Structures are given as C-alpha cells and as structure tokens.
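Structures are listed in the sections that come next.
Both complexes below contain chain A, partnered by chain B and then by chain C.
Up next is the complex of A and B:
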C-alpha cells in the first residue's frame, strides 16, 4: 500500500511543472502583495494601489505573451499535475483573454472607485484572484480541478458584485448572485458526483479509479452513452454551466445582478465569466461528453433558440442600460451556443469561430461598459437610455467609442462583431442548423432595434424638450488611449480578421 | 502585363481614393472650406475618372471572365474569401453609374448648408467608396461587405441631417435593411456551403456550379433567401414601406447616392448572382417575382398618384419603377436582363437628378407640398426645363435611357408567351407614371402661384439655378441622354456577358437589333425636337 502511495506521489511530483502555470502564480503573488502594499504604505499613497495592480498585470500579460510566442513550456500531451491541468492553443489564448479582461476591469474599477467612498485595494485584489481562477478553470482537465477553480472565481465574484456596500442595488445583487450561484454550483456538483459514481463502478467496462479525469471519463462515456446516470450527470453539469453563461432557463439572475453590481464588475461578469463558461462547454463537448452528441445537440439547440429569442425580446423593452446589456448578453450567449452546437455536431473549426466571437465580444462590450462607467454619475445602478440624449455632442470621443462598441455588438460591418457572426453562421450552416440560423437572424434584426436605438439617442438630436441627463467624466489622455485601443481593435478585426491569429 | 497592373491598381484606387478622402474629412473638423472642397473633388473625381478610363479600356471579348482582376488576401482566406476585384459586362455599367452619380452628389453637397460639413462630406465619400467596391467585387462576401459599408453612412446621414421625421424613418430603414441584408448574407453563405467550391469568388462558384448544378429544391430555397433578401433592399412590394419615408427624410447627397445607386445592389445581385447560378430556383419563383413586381408597378403607382408631398412622390415613384427591372429579371432571358441593366443605369441617373432638383425647388418655395407651389417656371425657367426633362425621362420618353431600358424589357416580355400577359399591366404603369409626373410638373411650375408663395416673389429671393446647381444637373442629364442615344456603349459589353450567363443565345441577336433600332429611333426623335 505504501509503495503504491509512494509511486503515486512520485508520479505526481514529477508532473508538477510549476513554470507551466507561472502567470497564475504571478497573479496570486501580485494580489497578495497589493494587500501588503496597502498595509505598509501611508494613507495618502494608497491611491497608488490601482496603479500597481494595473502595471503588474501589464507585466504578467507580457510574460504570458512571451510564453505564447516561445511555445508552451510543455507539449499538450504531457499530463501536468497528474492530469489535473492540460494546456493547448485554446487555453493559451484564453489566458491572454482573461488577463485583458482583468486589466480593463481594474482600470475601470479605478474610475468607479474615485466616485465612491469604498476601499480600493480589496477590489483590485479580488479582480486578480478571479482572473487567476478563470485561467486555471479553462486549463483544467479534471472535474475536481474544474470545481475548485470555479468556486474560487464564484466566491470572489460574490464579494465583487456586492462591492458597492453604500448602494442597496449592489447588496441586493450580491444576495441574488449568492443564492443563484450556490444553486448552480450545487447542480454542477451533483452532476459531477453522478458521473463519478457511475464511471467509477468497477462492474462496468472501462471504469476508472480516477473517473473524473476528462480522458478517462471520455473513454467511459463513449462506451456507455445510453446509461441513464451518465446522461443525467452530463445534463446537470451542462445546466450548471448554463447558469454561468446566462442561457435560458438559467438566465433569471442576469438582469438584477448586472444592474446592481458596480459597472466594472458587470463588465467582468458579462465578458470573462461568460467566456469561461463557453470554453469549458467547448472542452466538455469535445472531450468527456463527445459521445453524447445525440443527447446534447437537440437539448442545446432548444436552449439556444429560446435564449436568442428571450434575450432579444426582453432587451427591446428595457430602458435601463445595465439590464439591457445583461439581456443582450443573454442573446449573445445564444449565438455562441450555435458555435458550440456546430462543434458538437462535428464542425471542428467552429471552436475557432467561437473564440473569435468571444474576442470581438470582449472588445465591443468593454468599449460600451467603459463609456457607461464614464457616464454613470454617482448612482451607478441608474443608467437610463434617456440619459444619453445629445451625448455625442457633449462627448464626441466617448460617443464615437460607444457607436463602435454597439455597432460591433450588433454585428455591423466593417467591425469585428460582424466577422464573428459571419464565422458562426458559416459554421452553423455547415453543421446544418438551418432552423437555428433562422432564429439567429430574427434575433439580430430585433437587436438592431435596441442597439440602434441607443446610438440614435446619443447621436440624433431631439425635437421635443430635454430630459435630465448625467454629466460624464471627461476622459483623460490615458483613458482615451485605452478606449481608442478598444475601438481601433474592433475596426482592425473587421477589416483584417487574420490579425487575431497572431495570438496562438 | 504592365497595363493590366495599371488598370487593376486603378480599380483598387477607385475604392481607396474616396475612402481616404472620406476618412481625412471625418477627422478634418479644422479644415478650411477650400481644402475641404479639394479633398471632396479629388475623392469623387478620381473615382469617376478611374471608372471612365476602365470603361474605355474594357475588353468585351473577355466575356465570361473578368477584366482588370486583382486578388488580395485580407485574412479570410481560410474560409475562401479574398478581396477579389474585377469588372464584367454587367458590373461595368453600374460601376460607371456609381462614378457619375457620386460626382454629381459630391458637387451638389459641397454647397450644402449642413452643420458640420466635414462630417457630411466625409460620410458621403465613404458611401461612395462602398458603392465603387460593391460593383467592382467578384468575391460575393466583399460584394455584401461593401454594400453595408455604403449603407451605414446612409443611416447616420438621415439621422443627423434628415427632415422632421428622421428618427422614425432611420429606425424603420435600419430594421428593414438589416433583415434584407441578413437574408441575402445567409443566401450567399448557403451558396458557398452548398456549391462545394470552398470559395466566395463568383468566378469560382460559377465554374463549379456549371459543372455540377445544385438540386432543384436546394436552388429553390437559396433563391428564395436571395430574392427576399435582395428584394427588401430594392423595396419590392410589399416590403417597400421603408423607402419613401427614408427618401423623404434623407439629406440630398445621401438620397442621390442611395436611391440612385445603392438600391441597385439588390437587382444587381439577382442579375449577376442569383438568376444565373440558380436557374431552376429562379424558374420556380417566377410567379412570385411577377406578381410582386406588378404590385410595385400598379399599386405603388396608384399610391404615387395620391402623394402631394414632392419628395414622398419621388420616393414612391422610384419604388414603382423598380417593378420594370424586376420584370426584366423575371423573364430570365439575356434580353430581359440586358433591359434591366439599362433600366437600372437610366433610372439611377434620372432619380438622382429628380431628387436633387426637388431640393432646389425646396430652396425656392420653402415647402415640399405641391399644393402650395405654382408658377415657378416664370421665375426659374432653367430649373423647370431640367425638371421637365428629368420627369420625361422617368416616364420613359424616347431619347432618354429609361425608354431604351423599358422598351427592351417590354420586348423581352413579349418574346415569350408565358410572359406576354404582363405587357398590358406594365403599359398601364407607364400611363400612371405619366399622370403623376405631368401633374407634378403642372402644379409646381405652371398655373397661378399660391398666396404664401407669391409673397416671396418680390425681391430676389426666388432665383433660377445657380452655377453650383447647374453643374451636377447637367452632368446627370448629359449622361442620361448619352445612355438614351448611344445605349450600345453599355449594352454591348452587357449583352456579351449575358450571352454567357443566360442560356438563350438566339434571343441575344434580337436584343442587339432592338438596341440598334432604338438608337436610331432615339436619334430621330431628337432631331424632331
């Protein structure tokens, strides 16, 4: 017995290549050092914490990119940490993706916190932890790893959503997110346990002692795709992830939480949390659940169709912009599901289409959320479409960024979002999802109404009397650089989509 | 080899020049009026100049292939998309049309009193770049892409500089046209995915589908997507309601380019892509095209009769005239398609001229309501002469391009017993357009002036056309007469190309004869006048 354990530990330590997760380690160290900086520095200097966090992340991003270009420290086939972690081109891309997200969130958080009497350090600390957790989440190749990483992310998000403790809306959102998050974790865990139980049953062929490892599970499921427990477990796992991506019928928390959470946190939830969910879903349908296509494709198709229609129709009547972004984000989840379904039905390159779409969604969403952060005023939860009356005249720069962001989300050429939709549609067509494509078109047409309506409010002057608006912060040179980058990247990806393939 | 390089660069330049000029102006809030003027003229001028030079060097013997080809990888080659440019006999006339109307719109817009003129001219130039690109694209993805490129500035221009109902009009147009654009995009993707050509290039698709045509059901489905998608963009009845409102609200430059050129995108797509590649699908949908086109001709014709607002009337009449082009396409013959090409060019020129002159009338009368006008001819004889000429052209008087186009379409309808019954309602359409056209001329230019209008007569408030108004008007009218009197210049390459695309080679000789006959008739008519 001891020998077996010793053998296991030797095998375990041999695969512990800490260098392979250097960016995550650096992020955690940076997060801890922020707390130390806060304690050590005098009160007046504490405003600098945000700057430390920002430049620290820039450095880690550089490390990550260098890692990408010099090739991964390990080949994908080699098990890391006893098969807990697996790295691939996709995971490398997603690490950069999440780092970009956390960079923007830290930056916007700094702007948000300037207007609020709230502690600064903890905000940045938590953002860094979420980013590290998400990076590990998409690299996990084992359900235990997946769950631990997911909980790290979710617990940090509970705090972040309720961060505006001077605002009733934020506290309410925190409570709702806590309850719904706990529920979704429970569902996910229940699914995992069912799979563990059935795949660990020695009476069944291909059972494994490490049945939560993706490859072992994939082998088992490919032999037992008709097993009731396997099917139930897989459906529950998918349902748990559907909470994270905000797909119907698990979207119920989205509008309230998006509205209540501080705008930078909302953007984090909208982009990074959703993207993490989709990448996990992609890994599952290609990995352990590859044998369950016959079950998952119809289920996900129904979910996608309802999600697209619900998100768009609900957003049309929405006057509060944070809720509108939440609901339109639900619609985007529906479009993205098209790509996942295409992957599940055998169109392998659709994975690239989903990643491309996620990246354009990042650029478009952060452009819009950044403008919203600048225009929010003191009451962050109250952002109405009517506040944007004559916005472009008073703030031509922010207006331009807003138009490009919304245009990209709506999928208008020549912006990146259009190419993203084009790829998804081509993939869906090749997978033969004609009905879903029809629904998606209907959704895009409906979405024009609210995206264009917002642009119209900001750009086209009214004839009737003016309504109260908020005064936006005038962006500084540095802000302009960041916002300009988001807008220019959207445009670049629309005109030259191959620019993204520079990233591995 | 060298000249090929020169010409293909010129083709690319015709897109890039207005684009660069447009972008420069968008960021040129601080430019002076004269710099603005030079940049605008350079953008539009280079586009037209390139179009004319390319037309002069066009080799119709290459029919079936493309002149001046270039192929650039823009990072979408993985899915078979290249920036693949070139001209054939069908695209050349429209490419020229875009150049001419663009310059006219630019010349007129230079003297517009719009706020933030740099933005206005910049958007117009970006629109022009999109238009040139649309008709120069061989790749059907870029064909679509450039169309959208031209469409976005239209929304913005209506929204910022439009008339009183602009917010609603811009929204309705945006929703309608997005639906049309997406349907046609899915249709194009379907064509790509089903053809197995692994390429969005029209040339490759054509080659591939000639070898192994698609099954009838697939053809029929894809044709439906393209027909309804393109149909919405051309404002086919009953999916037309966005057009008159948007045109009535749009600023002059935008409406000249949209109604004159951009709207032809859908017809061009049907002619160049849908009908030749999906012949069985087109045949299945023939009754739909015919009946919907009749809706355009007769129902919209009657609606036009009821309009008292000049711009609304022009908007509806431009929707109505699309019916003839649809009928030409519906015959699915080289002759009908050729007539549709001529009709598109002539209609584009005449409708741009009419919309421009309607703004000139508004400057003098301060209203678009025709009941409040009257007797303008005595104060502005040149304006009235030009307006009468443009109206006559749009009714279809011999000598103007519209007549040739309509006549050839009629011949094509008569050539086949299956379509002969359409002649009577189509002729009725001409009667309708004569009634509303002449009534408009009468109530604007002749008869006693209204009370309100008479008060402005004293003094110099009401003048005849100024130089900046004359120049674009004369450019458009001259082009219209050119198409009317020498249609062979455009129909020659077009018929050579259409012989390749559409099967009935026998009828093409009829087409040539007709055109030649028409040319003589047109010249004779001119002598009479």
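Up next is the complex of A and C:
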C-alpha cells in the first residue's frame, strides 16, 4: 500500500506544474482573503480593504515580473497541464499587462466608491477575479480552457457593469452586456462544437481524439481548409471574439454599456477586455486557424475597414464622453485588427506591433479615464464635453494629464500612441493592405477632430463667464504620482520606443 | 434503422436558430433569457452527438462545463433583472432606454 502511495506521490511531484500559474493562484487567494478581511475587521476599518487589494496586487506584480526575468527561457511556447495551457513571451507580457490594468482599476475604483453608497469589498474582489481569469484566458491552448476562462471573466464583468445598483443606467448597461455577452458566448460555443465534431471525425485524414486542443486542430485544419464545417466553425468562433473586442457588426452594445458602467469598470472593459480578445484572436490566427488565411484575411479586412469608419464617424457627433470613449474604442479595435490581418497574411512581427499598441492604449486610456473619474459628478453616467469648460484653468495638473492621454490616443508625434500606430501601419504596408491603410489613415484624421474638440473645451473655452459648479475632487499626492507615471510613460514610449522590447 | 449524426445536427441547428431569433426579436427580457438557454442547449445536443459518433469523451465533459457556466450566468442575470424591475417596474427591452440619450 505504501509503495503505491509513494509511487503516486512521486508521479504527482514529477508533473507538478502549479508554480507556473502562481500569479493567478495568488490573485484568487488575495480575492478570497479580501472577503475574510472584511468579515474580521470592524466597520470603521473597512476602508482598508482597498489598500489591502492595492498593495497585494503590487506584490503579485513583483512576483510576476521576477517570474518573467528569472523563469525558464520564454522563447517558444511551453505546454503545461497536458496541453491545457501554453506559456510564451507573449503570455508573460500579457500577464503583467492585466495586472497593471487591475491595479489601476482598483485604484480608480477606490476613488469612485468614496462617492457612492455601495459595498467596497466585492468590487475589489471581482476586479481581482477578472484579472486572474484574463491571465488564464490568454494562456489557454485548449477550447475548454478558453471557454471556462472566458466565462469567468464575463460573468464577473456582468456584476461589475451593474455594480452601481442605485443608478438605473448601470443596471440597464448590465442587462444589455449580459444579453450580448451570453449571445456571443453561445455563438463562440457553436463554432467550437462544429470544429470539435469535424476534427474528431475518424473518417477524415489527420483527425484527432483530442480535437479541442489548438495544435491538434491546427494540423487538421491545414489539411481541410476547404471543408464547409471547418470554415463555418472558424467564422463563428471569430464572430464570438469580435463581440468581445467590439468590432462592427457586433459593436451595438459598446456605447450603452460604456456609458452605464461605473467609470473604472468602463476603463477595465475598454482596455483589458479588448486586449484579451485581441490576444486570443492573435493566438487563433497563428495557431489553429493558420491554414484559413485565404478565408479570414478578406473577412477581417472588411470588418476592420467598416469598424474604423463607423467608430470614428459616430464619435464625431457624440457629446457624452463615456460614449465617445466607447465609440473611439471601436475605432481603435479597427486599427488593431490591421495588425491581426497582417499576422494572418504572414508578417510575423506584427504581433509585437499589436502588443505595443495595446500597451500605449493602456497608458493613454487610463490617463483619460482617471481624469474622468476625478472630474465626474455624483451622476456617473452623465459626463458631457461641456462639463470640461475651463477645466485646465481650475485643475492644471489634471488638464495636462488629459491632454497627454488624449494626444496619445489620437496619435500625436512625441507620444506613445503615435509610435504604436506607426508600427501597425508599417506592418499593414508590408502585408500589402494598401486600401485598408488608406481607410485607417482617414480614420486617424477624423479622430484628431473629436479628441481635440475635448482638449479645446478643457483649455480654450472662455466664452462663458459664469463659472460652472465645481465637482472635481482635488487629486492627492499619491494620485498625482500615479497620473504623472501614466503621462510620463506615454511620453517615454514615444521618445524611446525600445524601452518596451517587443519588436525584433 | 439507426439515426444518423446529421439528424442530431439538424435539430441542434434548428434549436440554435430558434434561440438566436428569439434573442433578436422578442421584447420581454425573461423570454430573451430563455432563448439564450435554448442556444446553449443546442450546443450541448450537438456536443453529445459528436462525442457519441466520434467515440471521444471530450464532448461529454465539455457539456458539464457549459451547464455549470449557464447556471452561473442565470444566477447573475436574474439578480440584475430583479434589481432593474424594482427600479423601473418593467422588463421589456423597448422601455429600457434611459441610456443612449
């Protein structure tokens, strides 16, 4: 009996790979411990929960960074847990990316929750779970893993979007996100099932008994790229992901949900959720769907062109800032699709360009959303451009950060967003997507108009003598440090792009 | 006479289409919700059929994950619908238009 036990334990330790997902485990433990802290501490000390969450995440970020630099060589993809998870340089980068996102969201959430009569602990708890789910999502190499991680993220997001229970807007946004999210999950699932069924069919060549695994599927699809079920399945999977990244024609939920959700959650959706969708899309295009380039490149090209034009044109006439950020986010999804199409048509380094763009998008977006969180009144869904009249005069620091963030999003030369767009456009040029490139440049020109409309309102609007009611909170020293970091990083990446060594 | 895989796929496809149309066309949130569940069950049916005819167990396993996730989704969804009903006294999507103005 003892020998059997010893044998079992030896086998267990030989295949013990839990350390590979240490950051995710730590995040989940931190999320649970927040609930314990809330239960154990007296009511007066509950404000500490946000602090525990923030410093806990800083610690996990350090663990993650140490793992990146001292861990095993991250050149090739490394299968773990019998092919459920694969780690590579890209996934390590994205883990740090998602941790940074959740750090900012926790911080902004603390500021938002100070003004709202809502529970605090659950907010931080859910943000941590979403971050852990996204980190697993980008590492998954198996469709079951992909689905479970995706749903962990999505279900937690339903609650976060509807978190402002005292506001009708937030609840409505939650319901809309719920219906659209569940619909996209069902479409994604149907695609997965078709692929599973056809790739597992023993009558066909290269069929696999493990046909939900990416590499087995890639082998099958490269032989059967004309099969109707394969094509339909791949299109349905891509459509399901297009819902998550908000590409036309699956963008209908974006403006309403972005407006209704609490501002920190909006920023989380805009940056982290979109980034997760793009990394999954990149992995699919390079992995299982690599043989389907002839089908996916034209389809994605049309989607990208319409997405860029729709997002920019709809944003021009928008007065509500949260909807404006949502619509301009659709346009950014269109630019990022350019990089994905370049990867699908054989320009491998475009993956680095997409990741670089995502990082500059993180810095720019969080700078803007942070300013919006400070400037928002008690009604979080109602943030108009006209509220920013004389903003820079009253709050010169916030005004400066806003200008740098918006400039980076618009792609103005000394800032990071410009370099990000440049890399993407060069990749598209090398892939021979000239028509698409023209549409993208037209889109950028349009976007400068509405981004600068906002900057003009904040800096040069002296036409009205009556001073509007001041609702903005003055940022403390710590807030200034964080915002300054975001602005400085945007500037640094613009002047010295090699600081982020993503490109060969 | 044995039933072929195509029969199962046809039924699954019909169920999925009915669910999709229900989500797109119906006005009552609860009916939309039922349609979403119908789509997930269409997926489950196709999975089990493929699993049986391909002689692999992955499909059956996947069904359990889908059922669990669907239950979690319903729990959250009904909570949101109840909270919304308390505020607005309606669950019809064409009356839920406080945003987009």
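Quick notes on this structure:
The working rule: the second predicted complex is superposed on the first by the 471 of 504 C-alpha atoms of A that agree within 3 Å, B and C clash if a C-alpha of one lies under 4 Å from a C-alpha of the other, contacts with A are read in each partner's own complex, and residues count from 1 in each chain.
The rule is short, and it goes like this: contacts are C-beta pairs under 8 Å (C-beta built on N, C-alpha and C of every residue); 3 or more make two chains touch, one makes a residue touch a chain.
Being a predicted model, the structure only gives us computed values, none of them experimental.
After alignment on the shared chain A, the placement of chain B and chain C results in a side-by-side fit free of clashes.
When the two structures are aligned on the shared chain, A:63 is found in touch with neither chain B nor chain C. Seen from the C-alpha centre of chain A, the directions to the centres of chain B and chain C diverge by 140°, a value given as a multiple of 10 for the model superposed on chain A.
By the touch criterion defined above, A:210 lies against chain C but remains apart from chain B after alignment on the C-alpha atoms of chain A.
Of the two partner chains, neither chain B nor chain C is touched by A:118. By the touch criterion defined above, A:52 reaches neither chain B nor chain C. Taking chain A as the reference chain, the count of touched residues is higher for C when chain B and chain C are set side by side. Of the two partner chains, neither chain B nor chain C is touched by A:218. With both structures placed on the common chain, the touch criterion links A:459 to chain B but leaves chain C unconnected.
Judged by the touch definition given at the top, the superposed model places A:151 against chain C, while chain B stays out of reach. Residue contacts after overlaying the shared chain place A:441 against chain B, while chain C stays out of touching range.
Smallest inter-chain Cα distance, chain B versus chain C, after superposition on the shared chain: 26 Å. Touching of chain A by both chain B and chain C, each in its own complex, is seen for no residue at all.
Across the complex, chain A meets chain B through its residues 407, 412-414, 418-419, 422-423, 425-426, 429-430, 437, 441, 444-445, 448-449, 452-453, 456, 459-460, 463, 495-499, 501.
By the touch criterion stated above, chain B contacts chain A in their complex at residues 73-76, 79, 141, 145, 148-149, 152, 155-156, 159-160, 164, 166-167, 170-171, 174-175, 178-179, 182-183, 185-186, 189-190, 192-193. Residues of chain A touching chain C in their complex: 143-144, 147-148, 151, 155, 158-159, 162, 165, 168-169, 171-175, 178-179, 182-183, 185-186, 189-190, 193-194, 196-197, 200-202, 207, 209-212, 255-256, 259-260, 381.
On the side of chain C, the complex with chain A involves touching residues 9, 16, 19-20, 23, 29, 32-33, 36, 39-40, 42-43, 46-47, 49-50, 53-56, 58-59, 61-62, 65-66, 69, 72-73, 76-77, 80-81, 83-84, 87-88, 96, 98-100.
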